[in-house]
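In structure tokens below, several structures.
Next come two complexes, and both contain chain A; in the first it sits with chain B, in the second with chain C.
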Partner chain A sequence: MGKRSVIPFGPQHPVLPEPVHLDLAVEDEKVVKAIPQIGFIHRGLEKLTETHDYQNYVYVAERICGICSFGHSLGYCETIEQMMDVDVPMRAQKIRVMLHEISRIQSHLLWLGLTADAFGFESLFMHVWRLRENVLDIFEMTTGGRVILSINKVGGLVRDISDDVLSQVESKLVSLKDEYQQIEKTFLSNSSVKSRTVGVGVISHDQAENLGMVGPFARASHVNNDVRCLGIGGYRLLSDFVPILDTTGDCYGRIRVRCKEVVQSIDIALEMIRSLSSGSVSVDVKGPIPDGAQAVNLLEQPRGECFYYSLGNGTQYLERMRMRTPSSENLAGMVAALQGCDLADVNMIILTIDPCISCTER
Partner chain B sequence: MTVKQNYHSIDVSQILTTAQKEKDEGRRCIQICCTTTDDGIDVMYSYRDFNGFSGVENFVVHGLSKGDEIPSIQEFFPSQFPFENEAHDLFGINVTNMKLDFEGNFYKLGEDAPMTVISTEQLKRKERAKKIAAAMKAKQQKQNAQQSPVAKKETSSPTQQSPGTNNKSSSEKKGE
Partner chain C sequence: MGMFELGGMTLKWLFHKPATKQYPQVQVPPYPGRRGHIENDIQTCILCSRCVKGCPADALEVDRKNRTWSINLYRCIQCENCVRVCPTHSLTMSEELAGPTTHISAIVHTKPEDTSKKKVSKNDSSKQS
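Up next is the complex of A and B:
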């Protein structure tokens, strides 16, 4: 047994897109223990319900994180709509699902580029981010924003999307699918990718369940907790949804799940566009939230199950707004995956788990 | 479709037994949420199925005070360590027997238990809302009280009824 030493990893590190600190206790280049530390970017966004009324808080919710921006505004609006018993028009529900799935594509492509960059696979990184630009163009065409979309409001959407624009989105998604599938094939069959990821950071099915893991991290260990299966909100309108699962539980399995989810999300977005019918996209929601009204909502964000809870107090301001993000559920799984790994594999394991610290800290 | 959800009140002494029972029944703890209310701090534990979906079961411990102790459920659900440390740092709840305890350094905060501080504006808003709700209730009661003698009067003298309000009696009359 070698001498034990502790290596501080992060919060500033080339492979970490967001600030998380890890104390890695190592013996002979093997990680024997990892202790995570967050708290560098806590902004107290849940406390802001005191100064922003429930209509304006949508704009705070979507600033929790730049990558999951649309998802947070959607989850928040659905929670308030549930509390106030609001029926959102069908067209708005379908557009919400479409944009949420395109957000997932954007998030997964961002992650794929960063992973390729960590490998030193520079050309793949550039190709993937080139494709991601097309997705951001879709956001700009449909909402006017590329990162913060500001299209959700309590009761539906702020504005409608014209049929012309939707047909352009459809053709962009079809061409994106073709281009992406070529890149996906290259990435998944590449021998250097496999040599770095196969059998690394393995989490078994039982471990994944016990550690309460969520999202693609859990699905790579064959745990099906995809919230989209439950048909909450607009997801009940999907004709058929089968979650993508893997049995390996290693870094390669996590990469494969996310890569396949991009194609799945393109298909869902196309299904929503093709089934859109005309109609209004919002209903007026006015008045205070009843005192004591409360609601729980779940949403499948790109990183997994996100939990929303809100409590009213009879005013325009919420008594409590809670967002439990997927990355905070996956921290225990991340620690377990790091235990016993080689020091050189730490970056690969963290990247394939894809923690979002902005979401976690709020 | 919305999420099926149930809320149950529990005591501090039932936190561990509830966690054990929920785990045995195939549910996992998905979050712990503290809320500062007029009666103190409420701590809500939410559980969801491992497989399938029968809804979210929420167990709420009501009326805790800053500095009160609750037991850690990390023994059953290790993924809950961020929320237990958060309960300590943001609400001042002492969570005992935590496996991963950051001892108040989970978040870097400028003041202790910031989520328990209620601004004067928020207090004023809540007071005003309560007054409005009380006034509305009183108005409603007054209206009900005014309507009930009229209703009694109406039943006693059918000739004063407006047309169509009592079709049965009018048809009976026609029949007669």
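Up next is the complex of A and C:
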């Protein structure tokens, strides 16, 4: 047995887009224990519901995280709509699902690019991010913003998307799918990708269940916890949804799940565009939230299940807003995956779990 | 297998037009409806402060005494909420991005005095006396 020592990892590290600190206890080149530490970017966004009008808080909610910004505004709006018994028009629900799936595409493409960069595959990284720019163009065309979309409001959407723009989005998505599938083949069949990822950071099915893991991280260990299957909100309109699962539970399995989810999300977005009917996209919501009204909501974010809870107090402000984000669920799984791995694989394992620290700390 | 396809794609892009634009030498035309920056037509503005209440970022300020409307572009998050609540449609969202500046300062618009109303009020006061 070698001498045990502790290597600090982060909060600033090239592989980490956001700050998280890990104390890695190592023996020779093996990690025997990883102790995470968070709290570098806590902003107290849940507390802000006490001082921001519930309608204006949408703009705060979507700034919880830059990558899943649309998801957070959607989750928040759906929660408030449940509390106030608001029926959102069908067209708005479908556009919301479409935009959420496109934002999942951009999040997964960003992640795939970062992963390629982490194992030193620069050309793959650039191709993936080139494709992601097309997705950001779709956002700019439809909502006016590239990252922060600001299109959701309590009661629907703030602007409609014309049929002309929707047909452009459709053709962009079809061409994106063709081009993406060539890149996907490289990810899934390239020997240098496999040599870095196969059998690394394995989490078994039982471990994934016991640690309460969510999202693609859990689905790679064959745990079906995809909230889209429950048909909450606009997702009940999907004709056929089969979650993507993998049995390997290693880094390669996580890459494969996310790669396939991109194609699945393109198909869902195309289905929503093709089934859109004309009509209004919002209803007026006025007045305070009833005292004591409560609501819970679940949303499948790109990183997994996000839980929302809100409580009204009879004013324009919320008594309590709680968001349990997927990355905070996955931190326990990350620590388990790091146990016993090689020191050189630490960055690969952390990346494939895709922790979003902004979401975690809020 | 995938490597050959990626190699082909990379070779194609070697002879292709670059995917990126050489900004600022090459300007990218904005998509219709892009949220660039807020503009105010101060002539039609009635300084009602609804935009101030609707602003989630506290970027706007209205001083009715000095007849000024000001926006701090460094605080503004381009959410377009003020445009939607404006009763006179004096606020608009421009598609152009706000230009670069060398120092942080608010943009202040001063509403000119309404001379016609003033005359009426003078007449009114003279009648009363």
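Here are some notes:
Simple rule for what comes next: the second predicted complex is superposed on the first by the 362 of 362 C-alpha atoms of A that agree within 3 Å, B and C clash if a C-alpha of one lies under 4 Å from a C-alpha of the other, contacts with A are read in each partner's own complex, and residues count from 1 in each chain.
The rule is simple: a residue touches a chain if its C-beta (ideal position, glycine included) is under 8 Å from a C-beta of that chain, and two chains touch if they have at least 3 such contacts.
Nothing here was measured: the structure is a model prediction, and the numbers come from that model.
Three-chain overlay on chain A, with chain B and chain C fitting side by side and no clash.
Look at A:G44: by the touch rule set out above, it reaches chain B but stays clear of chain C. In the superposed model, A:L298 makes contact with chain B only, not with chain C.
When the shared chain is aligned, no partner comes close enough to touch A:G279: not chain B, not chain C. More residues of chain A lie in contact with B than with the other chain of the pair chain B and chain C.
Touch criterion met: A:Q182 reaches chain C, while chain B stays clear of it. Touch criterion met: A:R159 reaches chain C, while chain B stays clear of it. Of the two partner chains, chain B is the only one that A:L331 touches; chain C does not reach it. After the superposition on chain A, the angle chain B-chain A-chain C between C-alpha centres rounds to 90°, nearest 10. After overlaying the two complexes on the shared chain, residue contacts for A:L124 are found with chain C alone; chain B is out of touch.
By the document's definition of touching, of the two partners only chain C reaches A:S150; chain B does not. The gap separating chain B from chain C at its narrowest, counted between C-alpha atoms of the superposed chains, is 16 angstrom.
Against chain A, the residues of chain B that register as touching in their complex are 1-3, 5, 7, 28-31, 33, 35-37, 44, 46, 48, 50-51, 53, 56, 58, 77-83, 100, 102, 105-109, 114-115, 118-119, 121-122, 125-126, 128-130, 132-133.
Residue ranges on chain A touching chain C, taken from their complex, read 52-53, 56-57, 59-60, 63, 123-124, 127, 130, 133, 137, 140-141, 144-145, 148, 150, 158-159, 182-183, 185-191. Looking at the complex, you find that chain C touches chain A at residues 1-3, 5-6, 9-10, 13, 19, 31, 33-35, 54-57, 77-81, 84, 93. Of all the residues in chain A, the ones that touch chain B in their complex are 35, 37-40, 42, 44, 46-47, 50-51, 82, 209-213, 223-225, 229-233, 236, 288, 291, 294-298, 305, 307, 309, 311, 313-315, 317, 319-320, 322, 324, 328-333, 360-361.
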